[in-house]
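Take a look at the structures below.
Look for subunit A in each of the two complexes below; its partner is subunit B in the first and subunit C in the second.
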Partner chain A sequence: MVIQTLLLCGLIIFSGLAIIFKDLLKAALSLAVASLCLGIIFFRLGAPYAGVFEISVVAGLITVLFILTIALTKKEREIKEANLTRIAFPLFFILFLIIDGLVMKSLLQKVPALPSEPEAGIFGEVLWKQRTFDLVAQIGVILAGVLAVLALFRKKEDEKDE
Partner chain B sequence: MVFLFIVIPLLVAAFLPLIGKFSKKLIPDVLTNAALAFLLFNSILLVKPVFNQGSVVQNVNWFGEKINLQIALDGFNLFMLFTISLVSLGISLFSIDYLEHYGYKANFYALLLVMIAGMNGLVLVPDLFSIYLFMEVAAVASYALVAFGLGSDELEASFKYLMLSVVASAFVLLSITIIFGLTGSLNFQAVAQALQDLNARYVVGVCVAFFIMGFGLKAALVPFHAWLPDAHPSAPAPISAMLSGLLIKVSGIYALFRIVYSVIGMTPVLSQVLMAMGTISLVVAAFLALGQKDIKRMLAYSSISQVGYIVLGLALGTPLGIAGGLFHLFNHAVAKGLLFLNSGSIQHITGTRNLDELGGLGKLVPITAGTNLVGALSITGVPPLAGFWSKLIIIIALIQAKQFGYALVAILASILTLWYYLLIQRKAFFGKTNPKWLHLKEAPFWMSAANVILALICILVGIFFTPVFKTWISPAAEALAQGIQHVLMWGI
Partner chain C sequence: MSNLWFFYLFFSAVLIFIGIYCLLTMHNLIRLFIAVEIISKGVSLALVATGAVKKSVLLAQSLAITYIVVEVSLVATALAIIINIYKKNKSLDVRLLSKLKG
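The block that comes next holds the complex of A and B.
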């Protein structure tokens, strides 16, 4: 219970830091730590596949991509953030935590136990035989992402050619 | 076959960027329009089996082995598939000439087809998580399409749209997670059955609130509408037509009402909440539309207002109200698609969308002016055009249900709608012609042809209202009106 609470607190704190940090590198690393906490929570809750994906893809691969992109970007000029946003986010965050705590405390008592075992069956079986439609949709999302990159970065390439 | 509604657009989209390397215009034009024409034809072929059996459940086989791809087709999603295919075909025909000045047609068509595949998938899947995933497929493609022009306005609008859309998706996902925790399933039928057996009213209430926030944001219902007046006008005209005509209805209205009616079950309190939201949207957005000078921005506010009518009819819950709401959904998809394409024609011809700069275009570009008038009058609800019947049905349904206050607001808002559409007509097409427009020529062939086709649909659906209503609207309304019982009969 203590470890679980610490992991949940870590998840919330590092997620918050990822938004608050102005340095993009620190923000990316905070996000990686947050998703590492989430991955461990998944393992502890009996969802090893979700945990593996969370740690390898979100904490690992995506963080590497973020850091690579940050390293390739030049710092041109400072964009000053409005003071209101800097104050508003922590305030909303604290308010959300209080409301969330109150609502979930009363709600969770009313939620019955999950009727079936989570992640029943081997990974391949779950993915191919139970959630096949999700695979089709994921192909669609990846295709949309690739096409979006092709469409939105086209002018830069043209300028380079010229 | 039903699965083709998802596979064909995805396959064509995957090959288009490669084909675009060899043929920049002709093959992408032909291939995209042929694929969409096939989908329209396919949706018409499916009318008979759905009409006879009520619903069709299909399993997909892979080399003889049954895989878990189940699609449940009923009157409601067939009606949506038909609307998506029809309006997208009109839009892709318009794009043949319109995209000449943007270039990169193959990429544009590929993104458009992925968006259509996402919408078709969302409409067809009988599973909560798959609905979320297909909603994201359509959304990711739409962010790129809004920013397709790469101007600062487009990029800013796309970013704003992305940020608010992500918030919407988060609410939807949160609600799906809670439902999965409650029922241990994501399948419509299993969830509907489990929620019936469980006594978890408050938790389900919270889920419904999250769904309303999430899908309400996608549908741009007031007070979740802030992103739409920026995103829709900034996009290229065919994409504005896709977003206003189809995407807000599929990602917002279809998903919300499918879940509310077929999975959770409509309650009197929920009906009142949604009717109030619909009414606020239709009044507030109508007033906001009045003050606009940019045609596309005015049309965007009009979309929020007309979505209010659709929600009002669907949330009423009576068979006539649902039928009126669905019929208005179809009419608005066609007429708003037409009006956004038309605004693209005006911008293509004159180079501006500012109503104060236009004037007297009616004599110079009669096809654009005529089709604009038809679309405007249809949305306003002038007989005998299609929009008249749907608004009439919604108002009659409200009076039958003794909701006189809502009926009165719906009638008064219709007058406001007429007011701002007449403003467009007066400022753009009538009055004194600005001397700088005297050399103007009509829009290119495919742009005018798409406008004429959609305008003809507005007229013909109005004239042949009875057969259209019987074939498409009644089975869709019946499927929704049966509520949870309808899904429980699917036998998945």
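The block that comes next holds the complex of A and C.
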């Protein structure tokens, strides 16, 4: 439980750093470390497949995409964020922590945990037999993403000829 | 069991707060998508933690995997749009996007 709490704190800290850092590259790397923490939390919660996806896809692929975009847009002139937002963040954060703690504590007494039965079978059966329709939709989403990226980087006809 | 569930929901809510704060206050397009990523981390943590606590972790992690795939698709498309916006405006300032013609 102590390790789990430390990992959760690490997740929060690195996510916070991702928005506090002025350098976008540092922010993207901080986000990757947060994803790594989340992946390890998934492993420890007994969800190894979700953990593998989180670490390989989110911490790996999405970070690469972010770094690529930052590199392609590097010459941008500095966008000045209001200093007040960075100064006010810790204040709002502590305020939210207090409110969140109070709300969760009050909900703890009132909202009963939903009844559930332990699952039978293995992950493959659940994924392929119970959620077949979702998987079809998932393939559709991947195709839509690929087509959207292709459409966005399409060149005009006259540019192709040159 | 219930205590543990609320413990994870607490952290999940904190992540969602960090993301929403960034979305409301920042102006850099890439930073806004970092905020969307942080929010999605909070949601997937809530999803898997709820599954683990309610002893239905198999279904929860298959849902989390679907969610991650959708997230990747969204980020790839969004970053492509951001690069196109940068090519056109030479800036990533989200306030410039409100100056639309027509």
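Criterion: the second predicted complex is superposed on the first by the 118 of 162 C-alpha atoms of A that agree within 3 Å, B and C clash if a C-alpha of one lies under 4 Å from a C-alpha of the other, contacts with A are read in each partner's own complex, and residues count from 1 in each chain.
FYI, a contact is a pair of C-beta atoms (placed from the backbone, for glycine too) under 8 Å apart; a residue touches a chain by one contact, two chains touch by 3 or more.
A quick note: this is a predicted structure, and the numbers were derived from the prediction, not measured.
Within the superposed three-chain model, A:38 lies in touch with subunit C and out of touch with subunit B [touch as defined at top]. Residue contacts after overlaying the shared chain place A:154 against subunit B, while subunit C stays out of touching range.
Shared-chain residue A:145: touches subunit B and subunit C both. In the superposed model, A:134 lies in contact with both subunit B and subunit C. Touching more residues of subunit A than its counterpart among subunit B and subunit C is C.
In the superposed model, A:90 makes contact with neither subunit B nor subunit C. Looking at subunit A, you'll find residues 107, 112, 114, 116, 130-131, 134, 138, 141, 144-145, 148, 152 touch subunit B in one structure and subunit C in the other. Those residues of subunit A that touch subunit C in the shared complex are 8, 11-12, 15-16, 18-19, 24, 27-28, 31, 34-35, 38, 41-42, 45-47, 49-50, 53-54, 57-58, 61-62, 65-66, 68-70, 72-73, 76-77, 79, 81-82, 85, 89, 92-93, 96-97, 100-101, 104, 107-108, 112-114, 116-119, 121-123, 126-127, 130-131, 134-135, 138, 141-142, 144-145, 148-149, 152-153. By the touch criterion given at the top, residues 103, 107, 110-112, 114-116, 128-134, 136-141, 143-145, 147-148, 150-152, 154-155 of subunit A touch subunit B in their complex. The touching residues of subunit C, when paired with subunit A in their complex, are 1-3, 5-11, 13-15, 17-19, 21-22, 25-28, 30-31, 33-35, 37-38, 41, 44-45, 48-49, 51-66, 68-77, 79-84, 86, 90-93. By the touch criterion stated above, subunit B contacts subunit A in their complex at residues 6, 10, 13-14, 17, 67-69, 104, 107-108, 110-111, 114-115, 117-118, 121, 125, 127, 129-130, 133-134, 136-137, 140-141, 143-145, 147-148, 150, 178, 181-185, 194, 198, 200, 202-203, 206.
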